[in-house]
Every structure is written in structure tokens, then in C-alpha cells.
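Heads up, the next two complexes both have chain A, just with different partners, chain B and then chain C.
The block that comes next holds the complex of A and B.
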């Protein structure tokens, strides 16, 4: 690994009740890069992703270490709200709140108690620009976020995540509800965001992983089968199982 | 396709152009070395062929990565494939330059035939012009230009056949430096083959533009064409 990891998991094992769904997964997520988690439904990729900012706390038992800036954040005494401020999440379906575009972007900041109008204005502009949405919405910031198209709503959700200035952005199938054009815009946005953020995405869309990710991890039935540079995974995977999955051959 | 693909394609194209320019320079320098009897220049050409070989390998790596990771379709797919295929033809042009440079070294100190050397120089000028035009056609996917370039190959073939006959008659008459003429034959052959590879490049321009796989070599499309043209003159 050429860059320092922004986040690292060690011996991560996750169970829903008695059923263990992720088995002893260890990975390092390089800083300022995009890492894609791929695998069939039920492979555990979303479960791993959601555990990274403690979103599985109420659903599952998560064992093992999640190391962020030298600290194991998988401990009961770690403040999960602070964790989620530093490690943000963008979901599969765009989830704008029934508020204006402006209020959507600063939602997290308001929760954190920020009141200075200048700070808020500046953060709205900065975040919308980073999410490549500013030019399209700068004259309608006071209008409802529901007036935006699906692709714009998803970029708004990215801006909302960026507004609290996280270090890491988790994306769970960020474009599966979007058309090819919006998908390509989000992918271009992701590549742009790399200079400032580390991204980890879960995707069913293998082209999306190959097009935009620097690193790709293939999971199967809760186990990490292979994790390498995307070019290596897609052009010359070391495991036959990875090759079979990528080319749609099973069994 | 997205911005990432467009940027990568732009990079691939500029490397491809660079390779074409280098090949054109190589052919020019090799042939110059041959007709000017400049052994030193010939040795320089031999040393720089490695550059074109490296360029081809890098271009292939870049194109294969683009194919595997960006998975282009339709015209984007054709653009990559045509560059990938054409880079092999350009690499061959580099090889012919090397052969010509070797002939230049082999010719040094032997008899010269100014008339044949003039024709070789003319052939090289036609080829160089063809190569420059076909690279231009690549940039703008100009199919009309590609067709015109392919037709120019007839001129190259005519010089080749005519000079080949002249050399054989001279050798049959006797009293000539056979080794020197062997070099002339070899260079003529190399330039003739270079012309064929430039026609291949033109075919890839057509594929890139319209998706049609065509045979543009005038001699292949009409095997008796060169013979008829010679009879006309």
C-alpha cells in the first residue's frame, strides 16, 4: 500500500443475533483514494460499510477493531455522533429533507450548533461546489430540495455530508437509483473529491468500481476474497473466485 | 462516458500522436542517412528505435487498462480499438526505419546509383506526407482524408515496381556492385511495406469513424492495377 490508511479494520466480525455474517475481515483504506467494496447480495459488503461509522450498533454485534487516527472507534465509550461527523455516509436513495436546498446542506452544521450566517453561507457554497451542484442551484437555494432531479438530489446529499467537513465519506450504492448521465456526474464528482476526502463505496455496479475506484475489495459470503488495486482486480485478479464473479460465472 | 474516460482518451491520443510523429521522423532520418551515405546518422536512427518500441508498449498498457476499467462502448470503443491496432502499424514503421538504417551502414563504401537514390528519396517524401496526413485524419476522424491517403499508396507501389525492374536489368547486364544493389532492393521493399502500413492506419480511421472494416490498399483491392498503370506510362 503506497499511502497511509485513513481507516483500518482488524479482525472485523459482525453477527445479527446468532448468525455471523462477516467473518474476520481485515483491511486498510488508503487516504485520498476511492475503495470499492463489491460482491453479490448477502456478501456482507454493506454490513461492513455501515459498521465503519457505527451504524450497525443497534442491529448487530460488531467485534474487532476499527482504527481511525490511531483510535479504535468500535468501543462503547466513543461518541458515535462525533464519529459520524468525521465519517459521513451517503445512502442508496437520495434522502433530501423536506426543507430548502440551503437548509438541507447546513442541516448537520445546525445540529452541531453553528449559527454564524457568514459561516453557513460560505459552507453552503463550498459544499455545493465540491458536489458539482452549485452552478445548477445557486439561484434557487431557498427553494425546496424536492424540486431537484434524482441525480441533483443525490449530489445535494453528498453536499450535505461534505458540509460538516468529514475526513471519510462512505457511500452505499450511491447511484443505483440514478440514470446513466447522473451516474456519470456522480462518478466524476467522486473522483474530484479524492483530493480532499477518502471514499469507500459499496456498489453492485462493477463498471462503477472499475471506472472510479483506485482499490477494489471483493467479498463473498462475509469473507474478504481479494483486495488490491482496481486495475489488478479487473485485469488480472489473483483468485479464480474473483475472476468468476467479475465475469459473471458462478459454480 | 464520463469525464474520467474523456481525459484518459485525450492522454492516449496525444501519446499516439507523439508516436506517429516519432515514426515519421525516423523514416525521414533513416532514408536521409541512406541517400546521403551518412553512416553516423544511420547509427543514431538505430539507437532511437527503442523509443518507438517503448512508446508502443506504454500505449498498449494504457489502452488495455482503459478497455478493462472504463469498458467503453460504441464510438468510444472504436476509438480505443483503432488506436490499439494502429499503434502496431506505427511500431512496424519504426522497424522499417531500422532496416533502412542498417542498409545505409551496409552501403557505405560501395558504389552508388544516383538515379535510384533519387527515386528512393521521392518515395520517402510521399510516405512521409501520407503518414502526416493520416495522423491528421486520426485527430479529426476525417474519413475522406483517410481514403485519399490510401490512394496515394499507388504512387509508392509504382516507384517500387519500376525501380525493382531497373535494378534487375542492371544486375543482369553485369559489371555492377551486387551488394550495393541488394541494399537498394531492400530499402525499396521497406518503403513499399511502410506505405502498406500507412494504408492500414487509414483503414483504422474509417473504423473509428463509421465502424466499417474496409480494405483500402489499392494493390490488394485490384491486383492488376499497378501493372495496368505501368503499361499506361
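The block that comes next holds the complex of A and C.
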């Protein structure tokens, strides 16, 4: 690994009730890079992703270590709310709140108690610019977020996540509900965001992984089959299983 | 038979069934309006009832009914809200939760007479409330809780799960997600549910006969001290409601114009309940629209 990991998982085993769905996965997610998790439905990739900021707390039992800045955050006494502010999340479908664009972006900041209008204004502009949405919405910040298109809503949700200033952004199939044009805009946004953030993304779309991710991990039935630089995985996979999966899909 | 024919036949059958229900409701409503409306006048609405002479009104009964609805909602909405939040947001899926839901369903099928007698034994005698608005409000709360809890729970369920996860993903606690994201979006449904339940309890009689009582002592509408026995706001006074009045006038009424009083009261009762329903819709839509803006 050439760069320092921003996040590292060690011997992660996840079960829903009695059923173990992720078996002993260990990975290092390099900082300021995009890592894609690919695999068939039921491979456990989304389960792994959601465990990284403890979104699975109520649903699953997660064993193993999740190391973030030297601390194992998979411990009961770690403040999950702070963890989720530092490790943000974008979901499969756009999830704007029924508020104005402006209020959506600063939602997390307001909850944290920030009241200074200048700080809020500045953060809105900065976050929307980072999410490549500023130019499209700067004249309608007070209007409802529901007036935006699906792709714009998803970029708004990215901006909302960015406004809390996390270190890491988890994306759970962020473009699965979007059309190709919006998808390519989001992908371009992701690549821009690399310089400031570490991103981990789950995707069903292998072209998306090959286009935008620096690193790709292939999971199958809860096991990590192969994890390497994206080019390596796609051009020259070391495992037969990976090669079969990629060729099967690309046919 | 050909599929198109079957389809047409089914459509006619469904239409006939639906029309039958609609016609029955309209006929009933029409009959009640025709027989009762002539007796409804300003005098009828604003004078107190008579025991032996004709010409009595329903001022106190109407006020008692409305006041009782307010009192009941004050008790039952917070309770139902807490129960619904627990069931919708916090309850784990296990036996205990299932048992709780079952208990609520059983509660909703209790006959109101039974609830009334239970209220008589517990609130009126045991707790020493005597025949009072408060005892009536507690009895109506027992009747109202199951359906209100269910309708609030439904309103909470209408809020998409992704909204909750988005809130959690921003580092909000579950309680904050519930109060800041879920409740505001469910507000219109909650208010609609509460007002519709107000319509139901407005028409209730059996549960009140032995709790709020059947007498309407003279009350003073100028007396704003709720602790004074003659104040219209005193929740500890016995209070005959409109629905109980209808029952009483029909069963043991001594006034010569009992029939007319009863018919007029029914019309007022029905129109008020219709207004509740209308209000529920209007308010619900209004909040929904404000939220979407």
C-alpha cells in the first residue's frame, strides 16, 4: 500500500441474528482515494459499508476492529454520533429533508449548534461548490429541495454530508436511482472530492468502479476475494473467481 | 365467459355495492336532516335544557360535549403519541412487542358499555372523581387510545425509512431523528388522526352515562375559575353530553317536545362530527402543503 490508510478493518465478522453474512474481512482504505466494493447481491458489500460508521448497530452484530485514527471505533463506549459526523454517508436514493436547499445543506451544522450566519452562509456555498451544485442552485437556495431533479438532489445530499466536514464519505450505490447523465456528474464530483476526502463506495455498476475508483475490492458470499488497485483487478485479476465475475458481467 | 364480459360484470357489481353503501348513508343523513333541522334554531342552541316544560335547548350539552373532547384529547394524545413513537421507532420485533400490539387491539374491541362501567368503578368510585367531566375524559381515553395510537403509528410509518437513516448518517441521535425529522413530517397525519378521533368520541354515549353523568347542573359561562363548582371550565362537575342527552330524552324524557329535542340534537351532533371530519382534511392538507413548499 503506497498511502496511509484512512480507515482500516481487521477481522470483521458480521451476523444478522444467527446468520453470519460477512466472514473475517480485513482491509485498509487508503486516504484521499476512492475504494470501490463490488460483488453480487448478498455478497456483504453493503453490510460492510454500513458497519464502517456503525449504521448497523441496531440490525447486526459486528465483531472485529474498525480502526480510525488509531482508535477502534467498533466499541460500545465510542460516541457513534461523533463517528458518523467524521465518517459521513450518502445513500442509494436521494434523501433531502422537506426543507429549503439552504437548510438541507446546513442541517448537521445547525444541530451541532452553529448559529453564526456568516459561518453558515460560507459553509453552504463551500459545500455546494464541492458537490458541483452551486452554479445550478445559487439563485434558489431558499426554495424547496424537492424542486430539484433526482441527480441534483443526490448532489445536495453529498453537499449536506460534506457540510459536516467529515474525513471519510461512505456511498451506498449513490447512483443506482439516477439516469446516466446524473451518474456521470456524480462520478466527476467524486473524483474532484478526492483531494479533500477519502471515499468508500459500494456499486453494482462495474464500469463505475473501473472509471472512478483507485482501489477495488471484490467480495463474494461474505468473503473478501481480492483487493487491489482498480487497474490490476480489472486488467489482471489474480483470482480465477474475480476474473469469472468480471467477465461474466462484461460478457 | 369472455374476460371482458367478466370484467364488465365485476365492475357493475362493485359499483352497485359501493352505491348501496353511499345511498344508505345519504338516505339516513337526509332523513335526520329533514326531521331535525326545523327544530334547530338560535334559541335551541343557546338556551339550557328543560326538565318538564317544552322549549328547552342544548346549550350546556353541546358545550359539555366539546369541552369533553378537548379534555379527552389532552389526556389521550400525549399517551397515544408516546405509545406510537415507542411502537414505530423503538420497539424491537419480538414477542413482547407482539403482545403489546395484541393488547392494544383487544382494548379497541372492548364494548363502550364495559368501559363505562369500568370507569364508574375505578374513576368515579375508587378514585373519588364522582360523576365528572374528568372521569368521562378518562373513560373516553380508554376508548380512544387504541385507534389513536394506531393512526399515529401509521402516520409515523408513512415517513420513509431513508429519511431516518439520512438523519442518523449525519450523526443525529435516534431521539433527535424522531423529534426533528420524523415527527414534523408525520404532523399532518397525527393531527388528522386526532381530529377524526375527536369526531368518534363526540358521538359516544354509553361510556359516559356512568362516568360524566346524566345531569347538567346550571353552569356560569362568566366564571373563568376552573376550581369553582359553577364554572363552565370546572372538570370535576357532572356533565351531560349531547349524545347522552339524546339517549336520555328518548328513554326517560318528560318534556312534551322530547321528539323534537331529540331530532334537533341528532342533527347538531351529526353536523358537528361532519365538521370535525372536514376540519381534519383541511388541516391535514394545509400542513402537507406547507411542508412540501
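By definition in this document, the second predicted complex is superposed on the first by the 248 of 251 C-alpha atoms of A that agree within 3 Å, B and C clash if a C-alpha of one lies under 4 Å from a C-alpha of the other, contacts with A are read in each partner's own complex, and residues count from 1 in each chain.
Definition applied: a contact is a pair of C-beta atoms (placed from the backbone, for glycine too) under 8 Å apart; a residue touches a chain by one contact, two chains touch by 3 or more.
Everything quoted here is computed from the prediction, not taken from an experiment.
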Sticking to the clash and touch definitions up top, decide whether chain B and chain C on chain A clash or fit.
fit
With both complexes superposed on chain A, which partner does A:207 reach: first (chain B), second (chain C), both or neither?
first
With both structures fitted on chain A, tell me whether chain B or chain C touches more of chain A's residues.
C
Which holds for A:70: it touches chain B only (first), chain C only (second), both, or neither?
neither
With the two complexes superposed on chain A, say which partner A:184 touches: chain B (first), chain C (second), both, or neither.
first
Centroid geometry (CA): angle chain B/chain A/chain C, rounded to a multiple of 10 degrees:
140
Name the contact category of A:230: first (chain B only), second (chain C only), both, or neither.
first
Return first, second, both or neither, reflecting whether A:248 touches chain B, chain C, both chains, or no partner chain.
neither
Could you look at A:88 and tell me whether it touches chain B, chain C, both or neither (first, second, both, neither)?
second
For the combined overlay, can you note the least CA distance between chain B and chain C, rounded to whole Å?
28
Overlapping contact positions on chain A, where the chain C interface meets the chain B interface
none
In the complex of these two chains, what residues of chain C are touching chain A?
160, 162-163, 165-166, 168-173, 176, 180-181, 184-185, 291-293
In the complex, chain A touches chain C at residues 53, 55, 81-85, 88-93, 95, 97-98, 107-108, 111, 144, 146, 157, 160-161, 164
Applying the document's contact rule, which stretches of chain B touch chain A when the two form their complex?
1-5, 64-65, 68-71
Name, in rising order, each residue of chain A that touches chain B in their complex.
184-185, 187-188, 191, 207, 210-212, 230-231, 234-235
